[in-house]
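You will see chain A twice below: alongside chain B first, and alongside chain C after that.
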Partner chain A sequence: MTQRLTMENLRKWVPLFVLIGLVLFFTAVNPNFLSLRNFARIAISSSPALMVATGVTFVILMGSIDLSMEGTIAVCAVLFALMLNALGGSLSGAGWLAIPGALLIGAVLGAVNGLIHVKLKIPSFMASLSLGFVGIGLSLLITGGDRILIEDPIFRSLLTVRVGGFPLMAWAALACLLIAWFIQDDTTVGRNFYAVGGGEDLARASGLNTGRLRVTGFIVAGIFYALGAIFAVARLGIAETETGQNFMFVSITSVVVGGTSLSGGSGGVWNTLVGVLIVNVIGNGMVVVGLPDYFQDGVLGLLVIAAVYLSTDRRSLFFVK
Partner chain B sequence: MSFIKNYIEHQTLNRRNLLLLSAWGLCGAAASSSLIGRQAAAATSPDPKICWSYRDRTNPFWNSIVAGGEAFVRSLGRQSGDLINLINGGSSEKSLSDIQSLLSRYGSGVALAVDPNDMPNCRPVVEAVSHAGAYVSTIWNKTDDLHPWDFGDNYVSHMTWSDVGPSEQTARVLFDAMGGKGGVVHLGGIASNNPAIERQQGFKNALKAYPNIQLLAIQAADWDTQKANQVMSGFLTRYGDAIKGVHCASDTMAYGVIEALRAEGIENMPVVSYDGNPQAIEMIAKGKLLATVFTNAYWAGGITASLAYYAATGAFKPSAEPREHREFYGPTAVITTKDAQEFKTKYIDTNPEYNWKDFWSLAKGPIRYKS
Partner chain C sequence: MFELQNVEKRYPGVHVLKGVDFRIGDGEIVGLVGENGAGKSTLMKIIYGAVRHDAGNVLVDGVPVSFSNPRDAMKMGVGMVYQEQSLIPNLTVMENIFLGFEKPFVRFGAIKWKKMAEAAGKQLRKVKLDIDPAMITSKLTFSQRQLVELAKVLTLEERVEGKLVILLDEPTSVLSKEEIDLLFGLVRELRGRASFIFVSHRLDEIVTLSDRIYVLKDGAVVDVMNSAEADIETIQKKMVGRDVNHEYYREDKQRPYDDGHVLLELDHVTIAGRGNDVSLNLHAGEVLALVGVEGSGREPVLRTIFGMKKPEKGTISIRGIPVRSFSASESVSHGVGYVPRERKIEGIASGMNVFENMTLSQMRNYSKSGVLRIPAERELARDWIRRLSIRVASENSDCGNLSGGNQQKVVLAKWRSSGSEIILLDHPTRGLDIGAKEDVYEMIRDMSADGVGIILVADTLEEAIGLSHTIAVIKDGEIRKWFNCQPGSKPSPYDLIRYMV
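Moving on to the complex of A and B:
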C-alpha cells in the first residue's frame, strides 16, 4: 500500500522530472543552454503559449475540448491592434482600453463557442473547431490579409524591458497564471470544473447547472486566449491572421504533456506551466544542440509521446479511446 | 463595424446585378455570359469570368498578387469583387476540385490565373481547363516536362522567378556590410519549396567568394514569423556573439529575426531578406533591414490574369507567340538602403498604373531548365 502511494505520488511529479531531465540533457550537449539569457528566451516564446494553454486547461478539466484558439487569437490580436491604433496608438493614452476590449472580445467568442456546444448539443470538438475557422475567416475579412504594426514603445516594453533578467511579458504571464490558479482552487466555479470532469452525472444529480458551468468554462478560456493574443502581438509587434497559427498544437500538447488528463477531472494550471515549458524547452533545445531541421518535428513528436506515457497512470485506465 | 456593413452592401449589389443579368439573359439574349458556358466547344468568349486560384490571403506575397488581379479587373471597368477568388489553403486537392467546380459552372467562359500549389498538380489543372475549352495562366509550380505550347491556346503562359541570382546578390550585400568576415546564419523556407531551395543556393554561391565568412548554421523556419523568432533565439544561445549577420529567405521570417534581436537589445545586426513586402521596404528605408528582393507580385497578379483573359477573348492568339512569351521569368530587383526611399514612393505608396495589355514588358527572359 505504501509502495503504491509513493508510486502515485511520484507520478504526479513525472512531468517536472521530464522537464529537469530535458534541461540536463540539452545542457550536457551544449552548456550555453543553461544560462539566464537562454531561459529568458524560452520565457519569451512560452508566455503567449502559456496563456492559451491555461485557457484550454479549464475546458479540458471539464472533459470537453476547445480547438477554437487559433481563430479566437487571430480575431483578438487584430481587433486589439486596431483598437490600440484607433485610440491614439499608445497605452499611455486612451489606448489602454484596447486591453479590456480584447479580453471582452475573447470572452464573447468563448461564450458563443460554449453556447453553441451546450444549447445546440454539438460536441465541443466539432463546435470549437468550426468556430476556429469562423474566427480565421473573420480576422481575414477585417484585415483584408494585411498586417497591422504596433510601434508603441510602452506596449513593446513587455518585450524590451527586463526585470531580474526576464522581460516584463514573462512576469505578466506569471501573474495571469496565479489568477488562473486562484480561479481553479479557490472559486466555486473552479472546483465545479473538476466535479463535472470527474463525473458529469454525479455533478448534475447534486444540483449543479452543468450547462451554465460549461459556458462559463469556455468564456474563461476565451479571456485567456485574448491574453495570449496580446502577448503574441507584444512579442512581434505585428497583428495578423497568422498570429494564431500553431497555437492549437502547442497548447493541447502542453496540457497533455503536463499531465492533465484529456478525459477531465485531474490536472491543473501548474501542470500546464510545466507542459508549456517542456514543449518550449524541446523547441529551443533542438536548435541549440544543432539537430538537423528535418529531424526536429519527428523528435518533438516522439518526445511528446514519451512524456505522456511517463506521466499517465495506465493501470487506472480501463480503456483508451 | 462599418466594414461588415460595406461588405454586405457590396455582396447585395453583386447579387442584384447577377439576378438582373440572369433575367436579361433568360429574356432571350443568347450572348448572356451565363449561357455561354454551355457551349463547351466555343473558341473564345467575349466576357469570360476572371478567377485567381492561390493559397491564402494572409501572406503578404499572395495579398499583393490578388491586389494586382483586382487592379486588372478594375481596368476592364468591372468591380474588384468581380474577381473570383479560389483559396486552396495549401491543399492541391482543393485547388483542383475548386477549379473543376468553376469549370462545370461556367464552362469555356473562364479565364483562370493559378498557382497550382505544388508541381505535380499543375498537369491535372491545365488538362481540366483545356478539356473545358477555357484558358489558364500559371505561376510558380509546374513540372519541367509540361509546356504551354503542348496545349495549343488554352494553356496561355507560365511565369516563375529565378531566385538564385538575386539571393546571391543580397548575400553579397550582407557580407560586405559584415566587413567580409564573421559568422552568418541562414533561415530558409519550407525545405521542399522550390524558392526555398533556390534562395539557399544563391546564399551558398555567395559564400564561395567570401572565404572569411563562416557559415554557422542553416535552418528552415517555414516562411513563418513566429517560428523564425524562435529559431533565431535558439541561434543566439548556440552561437552568441559569433553571429554577425543573418540571411533570411523571406521578409516574413526577417521580421521574426529582427524582433528576436530586439528582445536582446541588439539593434544594428545586418539582416537581409527576400520578397520586397511594403513593411520590409519601410524597414530598409529606416535602416533596420539591409536589403530585400522585390518580385513585383502586384504586377504578376495582374498580368497573369490579363494573359488568360485576353487569350480567352481572342485579343491575341497564344500559339502565334514565340516560346519566350509563354514561359518566362518574372521581374526581380534588389532593393538596398540607397534606393529604398525612391522605390517606396514609386511602388509602395501608390501602385504604378500598369498597361495590362503590355504583357511582357517586365518579363526577364525565357525559363532555362537544368537538364
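Moving on to the complex of A and C:
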C-alpha cells in the first residue's frame, strides 16, 4: 500500500522534476540559458500558449477533447484587431471594447462547438476538429488573406513594458491562470468538470445536468482561446489567419505533458502551467543550444508519448482504444 | 473427471469460498444452486479459469492443474457458455465460433473462409442449428445465439484430448418453454461427449436436468444431493437455511410507518419493452423491498423512479405531484436519492475526495452564485464522518482508496445530508463484510426513523425480509404478490421463493 502511494505521489510530481531537469540540463550546456533575459523570452512565448492550453485543460478534464483552438484563435484575433482599429485604434478610447468583444466571440464559438457535440451527439474530437477548419476558413474570408496591423502603443505595452524583468503580458497571463485556478477549485462548474471526467454515469446519477455542463466547458475553453488570441496578437502586433497556427499541437502537448489525464478527471491548470513551460523550455533551450527547428518537433512528439506513458496507471487498464 | 479439493478464495474483506469440494464425473450433469452472493459465480470463474483460487487444488483426471486464464482452461477441455452472451455481434457466426482459434484455417496469412464455413457448419450441426455460418451474429435470435455459444464451446472437442466440462450459466433465462426443452434434449444427447455444470435460479429445471445437485451457501457446499431424491422445497431450505438473527437486521428498531403520508406513488407504470404494469405506494418511514430473481425487473423500476428511464404509460407522483419531465437531475431536486449497485461506476467518484463526493448531488446548497463554500463542505463531511464513524484519515482522503463499506457510507451520507426523502437502495450491502453490513442496516433504520421512504433491492432474501415493512415479489417485470412484513409476523424465504420462480 505505501509502495503504491509513494509511486502515485511520485507520478504527480514527475512533470515538475522534468521541468527542473530540463532547466539544469540546458544551463549546463549553455550557461546563458539561465538568465532573466532568456526567461523573459520563454515567458513571452509561453503566455499565449498558456491561455490556450488552460482552456483546453477544462475540456480534457471532462474527458472530452477540443481541437478547434486554431480556428477559434484565428477568428478571435482577426475580429479583435478589426474591432480595435474600427473603434479608434487605441485601448485608451472605445477600443478597449475589443477585448470583451473578442472574449464574447470566443465564448460563442465554444458554445457552438459544445452544442454540436452534445446536441447532435457527435464525438468532441470530430466536432471540434471540423469547427476548427470552419474557423480558419471564416477568418480567411474576413481578412481575404491580409494581415491586420495594430500600432496602438498601449496595447503593444503588453510586450514592451516590463515589470520585474518580465513583460506585462506574462503577468496578465499569470492573472488569468489564477482565475482559471479559481474556476477549477472554487466553483461548482469546476468541481463538476472533475465529476464528469471521473465518471459520467456517476455524475448523472448524482443529478448533474451533464449535457449543459459539457457545453459550459467548451464555452470556458473558448474564452481562454480568445485570451490566447489577444496575447498572440500583442506579441507580433499582427492579426491574421496564421495567428492560430501551431496552437493545437502545442496546447494539447502541454496539457498532457503537464500530467492531466486524457481520460479526464485528474490534473488541472497548474499541471498545464508546468506543461507549457516544459514545452517552451525545450523549444527555447534547443535554440540556445543550437539545435535546428525541425529537431524540436520530433522531440516534442516523443515527449508526449513519454508523458502519456508516465501519467497513466496502466495496471488498471485492460485494453486501450 | 474434474475435481476441486478444498478450494479457497478471498477478496479484500470477504471470504468468498471456504474450502469447497466439488467433483464431476465424465458425462455427468451437475446442478449448482445458491442464493446471490453465495459464491456461485466465483466458483464458476475458478473452474473456467477467469479467477485463480488462493488455496486448494483443481484436478483434471487426477492431475493438478492451474489455469491463469480461460484459454488455459479451454486447453484442458473446460469451456463456458456465458449467461450474458459473449458473442461479438458484428462478426459472423463462424468468426465467433473460431475466434482466437483461426489458425487451422490460415494459409499464407490469409483465412480460407470456405474451410472455416465448413468447419463451423459441422459445429452447428452438433447443436442442430440450421443457419448459414456466414450470417452476422446480431441477426440471430437470443436462443439461436445461445446455441451458437454452445457450438463454440463444443469446438473444444476437436482441439482437446479427453472429455469436456461445459459450464452453463443461467442458459434458460431468455428462452421460451419449447427452446428450453430443445436445449435440455441437446444437453442430454451431448453427455456422451461432455459433462455439464448447470447453474440456474429455476430449481425445477435443475432437478429435471441434473444427476446431482450441489447447494452452495455463504461460500461453502452445504449439501450434495441426488436429483432423484431431491425436491425443490428441501433445496430451498438448504439454500437459505441460516438461522435468521433478528438482531442482525435491527428488527427491534423497526417502527410502523406513517400510513397517511404517501411520498411516492406509481400508478400503473409501464416500463418500455417490458409490457408490465407496476403500481405501488411508498410511505414516510417505510422500507419497501422489491424481491425477485436476477433479471426479474427490479432494477428498471428503480431506474424509472430515479428518472433515468421514462415510463411508457402510467404516472409517477412524488408527494402527490405527478412527475412530468424525467431526468436524474429532476428527481434529485425532488428529493430522490439513488444508491446504485455498481458503486465504482455510479456511486463513488474515485479520484475525488470525501467531501467532494458528499456534496456532488447538492452543490446548490454549498455554493453561492456558482462559487463553492469549501469550508462548509468540509464541515459537513467531518460531521458525517463522525456520525457514521466512517474510517478515513480525513475529509480530504480519496474515496477510491476506501473500503467498500466506507464507500457505501459516503454514498449514503451524500443522499441523507442533502435531505433526500425517497432513497432507492440497489444492493446496498453487496460485497461488504458483516460489520459493514450491520452499519448499513443501522443507517437504514435511522433513515426510517427520520421519515425517509426507502425502496430496497436487497442482496439476499433474508436481508429483504429482515429490513422491510412491505415486500413486493416481482417476476417478469410484474408485481406478483405483496407481503406485509411487520416484526413478529414476517414471511419466510420459502414463502417468497414460491412466487419468484
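Following the convention adopted for this analysis, the second predicted complex is superposed on the first by the 305 of 321 C-alpha atoms of A that agree within 3 Å, B and C clash if a C-alpha of one lies under 4 Å from a C-alpha of the other, contacts with A are read in each partner's own complex, and residues count from 1 in each chain.
To be clear about the criterion, a residue touches a chain if its C-beta (ideal position, glycine included) is under 8 Å from a C-beta of that chain, and two chains touch if they have at least 3 such contacts.
In this text, all values refer to a predicted model and were calculated from it rather than measured experimentally.
Superimposing the complexes on chain A yields a three-chain arrangement in which chain B and chain C fit side by side. In the superposition on chain A, A:Gly198 makes contact with chain C only, not with chain B. With both structures placed on the common chain, the touch criterion links A:Val288 to chain B but leaves chain C unconnected.
Which of chain B and chain C touches more residues of chain A is settled by the count: it is B.
In the superposed pair of complexes, A:Gly132 makes contact with neither chain B nor chain C. By the touch criterion defined above, A:Ser266 reaches chain C but does not reach chain B. Of the two partner chains placed around the shared chain by superposition, neither chain B nor chain C is touched by A:Gly63. For the pair chain B and chain C, the minimum alpha-carbon spacing after aligning on chain A is 32 Å.
The touching residues of chain A, counted against chain B in their complex, run 30, 32-33, 35, 37-38, 41, 44-45, 140-142, 144-147, 149, 159-160, 167, 232, 235-238, 240-243, 245-246, 283-284, 286-290, 293-294.
Residues 3-4, 7, 56-60, 62-63, 66, 191, 217, 219-220, 224-227, 229-231, 233-238, 240, 255-256, 259-260, 262-265, 279 of chain B are the ones that touch chain A when the two sit in their complex.
Listed in rising order, the residues of chain A touching chain C in the complex are 185-189, 191-192, 194-195, 198-199, 201-209, 265-266. Interface residues of chain C, counted against chain A in their complex, comprise 306, 308, 327-329, 331-333, 338, 340, 342, 345-352, 356, 360-361, 363-364, 367, 370-372, 374, 414.
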